[in-house]
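First up is the structure itself, then whatever we jot down about it.
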Amino acid sequence: MINKVVESAMTAVADVRSGSTILVGGFGEAGSPATLLQALIEQGATDLTMVSNNVGYDDYGLAALIARGRVRKMICAFPNYAAGIAFRNRYLAGQIELELVPQGTLVERMRAAGAGLGGFFTPTGAETELSAGKETRVIDGVVQVLERPLKGDYALIRGKVADRWGNLTYWRAQRNFNPIMAMAATTTIAEVSEIVPLGAIDPDVIITPGPFIHRVTVCPRYNPT
Amino acid sequence: MINKVVESAMTAVADVRSGSTILVGGFGEAGSPATLLQALIEQGATDLTMVSNNVGYDDYGLAALIARGRVRKMICAFPNYAAGIAFRNRYLAGQIELELVPQGTLVERMRAAGAGLGGFFTPTGAETELSAGKETRVIDGVVQVLERPLKGDYALIRGKVADRWGNLTYWRAQRNFNPIMAMAATTTIAEVSEIVPLGAIDPDVIITPGPFIHRVTVCPRYNPT
Amino acid sequence: MEKRRLTKEEIALCIAREISEGACVNLGIGIPTLVARYLAGEREVMVHSENGIIGMGPPAAPDEVDLDIVDAGKRPVTLVKGAAIIDHATSFALVRGGHLDLAVLGALQVSEHGDIANWRIPGDAVPGVGGAMDLCAGAKRLVVAMTHTDRGGEPKIVAECTYPLTARRKVCTIYTDLAVIDVGPDGLHLREIAPGWTAGELRQLTGAPLHVEEPVPVIALHGGAVS
Amino acid sequence: MEKRRLTKEEIALCIAREISEGACVNLGIGIPTLVARYLAGEREVMVHSENGIIGMGPPAAPDEVDLDIVDAGKRPVTLVKGAAIIDHATSFALVRGGHLDLAVLGALQVSEHGDIANWRIPGDAVPGVGGAMDLCAGAKRLVVAMTHTDRGGEPKIVAECTYPLTARRKVCTIYTDLAVIDVGPDGLHLREIAPGWTAGELRQLTGAPLHVEEPVPVIALHGGAVS
């Protein structure tokens, strides 16, 4: 019997090795796998490359991981906001590397990795400093940049409902990066609000199908206090 | 008030011009916009380039369009089956052009067009006669082929339920190429089983959102007799 | 006619007027966000948010807050009837693929060629880009909402941008507190001007040549509930 | 031991044995389709169909037919509990992106390098490729199910394919009616042989050198309900 459900967030992240590249879903706090991130803090892996739209908030989750010096490099679109103080401090001290990627390119690079594509040409960022040094060519009169796939060793995502095969749904804009990151990692771990019996989710409303998911664990939505 | 619902399949296809490139959803007969195709036959446009996984069946829909000499070129993955007799006859007589594309590349080329990408590298078809003359390069040790976007002037698709904004759901494997083709054409026309009031479809279960759809019309599933 | 600059709300109203029914629009942070206020009424418009919402409604009232329903600035919002949720890849396919009829963005500078700089202030501590470059690259029509001059009174409309570029040759129209200016292949064209201002005065505050056809229409500030 | 060739069902059984619980597999047309029969029981396997089904079940009985639920050959099928529907782009992302643990395909020829030719017979009236090239390019593991020789008795396992290639260096294992042969970096390795056959006899029917370690195990045909 296929059963991807694991008992806790700690169990789910137990084998994450130092030096891993980890994709982290969510847009701000919406759809963020905050409990898995808290477990990762306890778990201890370090020298991590984290891929996420943002850099976390205050001193929990991704921000706490950064504050503790566990992140070597951040690949993201939008690290510059007041509550991203953990990242800012380390960045200004030269203690963390930043690869800034336009938001649409960031998600498309992960999709390319998940879809087995070797790269793609996009007009986004052409003739700007973010495409400096990258191969460009004019296609149909538009300058386009060649972007490479971005694959994770792990993806940590948040969903709404799952079954034991790993079929997943998402609640509203919790969805964001999560279904794409699910495709783009060697091991994808999902925290969800609820596990339901196999067959309880209508096949037409499943957003992420089982083969993209490796472990699922139930966690209430994490609300920092 | 936005209202993309039109009264009939004939109205929906009325402005299709000769020489157009038309994307046609469906995999075999599953999810095929058969009523829109019947309307296109009556409508009269000719010199068409049709993009579809298959080439139609017997003498209705896409096959009938081909049999009547209205299709200049077929871009597809799988035209070689007994009921594809209309295509076979014209192809063997040198009366129709064929661009054969691997199935995954076919759908990904349309996605690239819909997503505003200039092209992508794929391992599919590398070192085969289907990539002859195409740019290839070795990426991460794998030979990959550069494939170009494939855009339609029109897309004809089939869905299950729609609202007046053009939000769409699909029934089971009726889905196939339809949501991708919906993104990839200047004008996308959907035939559906039912129109429901705005707000009646849960935002989480909509597969194709309104901005990708331009016209919707209600048609019972077409069953050839 | 009293000589004055437009308020932010009035700039937003002017932009709202050019949005037609059925349009799919993305409204950036700042003045662009205000445009949503003037879209209500008979016109139905589909407001897109980068994080995968089509049919974004007004900000959420305290009792409506759902932390998973937020706008591009991560503020709780509502969904309108007809809203759809899509994933981030599809959301940016919509943006880059030309399915967005209009994007309204703020800017630090716009050049006479339609180049836009709006993502990075030289010397900023931490750079961030978000979805700005995608929106500029992909929207069918890109308009900018900004003040005509910066805090030091320097022109933000320039011959060549000196701030890092977001995209080249993409801006169609610039809405400022002093004017509405279209960007054409031959440079900037003054379409409308703020009440009481002359083209000559405007030229003094604009860092690139301006094509002017006199008489220049005054921006109409009636016909919309400017609050 | 009676000397005989395996039936199609027995080839399918051999392949089914190597599929482990939880695997996501794609079964091509012909002998590969038969593999599904031998997957039932305690093992749960997710069967993928190119047209966007994960969790494909047996063919539909007459009263179960839904013309929108079909397999890659367009025949009506059923869905199992836990099935999910995805669009074609996601379906081929799954295929090409290495999410398919195993693809089982028929072939016209397989070379000692693992090259496969299975999409086009030279001289065919109308060529068609379907999803064959994607499956070969992307599955984590590609195995071939075919007869050891063609109708004229000529080897289908060859030094170099003469039919148009589907993909290069992708086949991991070849299951025929005479043998199970693994493709290694140094060529073909005989893993198991049909009852009553000798390695010498097999070499006569194989168009490329075969590494053989005697004694060669005989293919076990018990342990599965071969119908």
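Chains: A, B, C and D, in written order; residue numbering restarts at 1 for each.
Going forward, a residue touches a chain if its C-beta (ideal position, glycine included) is under 8 Å from a C-beta of that chain, and two chains touch if they have at least 3 such contacts.
What you see is a predicted model, and the numbers here were worked out from it, not measured in a lab.
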For this session: Considering only mean CA positions as chain centres, point out the chain farthest from chain C.
Result: D
Exercise. Does B-C or B-D have more contacting C-beta pairs?
Worked result: B-D
Seminar exercise, completed: Chain-centre distance (mean CA atoms) for chain C and chain D, in whole Å, is 56
Seminar exercise, completed: CA centroids of chain A and chain D: separation to the nearest Å works out as 35
For this session: Determine the centre-to-centre distance between chain B and chain D, using the mean Cα coordinates as centres, and give it in whole Å.
Result: 30
For this session: Mind pulling the residue numbers of chain D that touch at least two other chains?
Result: 79, 85-86, 89, 92, 95-96, 137-138
For this session: Find every residue in chain A that makes contact with two or more other chains and list them.
Result: 108, 111, 115-117, 122-123, 170-172, 175, 203-204
For this session: Could you please write down every pair of chains that are in touch?
Result: A-B, A-C, A-D, B-C, B-D
Exercise. Can you name the residues of chain A that touch chain D in the complex?
Worked result: 1-2, 111, 113-117, 163-165, 167, 183, 198-199, 203-204, 206, 209-212
Problem set entry | Complex contact set, residues of chain A against chain C | 27-31, 77-81, 84, 87-88, 91-92, 98, 100-105, 107-108, 111, 122-130, 143, 170-180, 207, 221, 223
Problem set entry | Of all residues in chain C, those that touch chain A in their complex | 49-53, 66-70, 74, 79, 85-89, 92, 95-96, 124-134, 137-138, 164-168
Problem set entry | List of chain D residues in touch with chain A within their complex | 21-22, 24, 42, 44, 46, 48, 54-55, 79, 81-86, 89, 92-100, 137-138
Exercise. Inside the complex, what are the residues of chain B that reach chain A?
Worked result: 108, 112, 115-123, 137, 139-140, 142, 144, 169-172, 175, 203-205
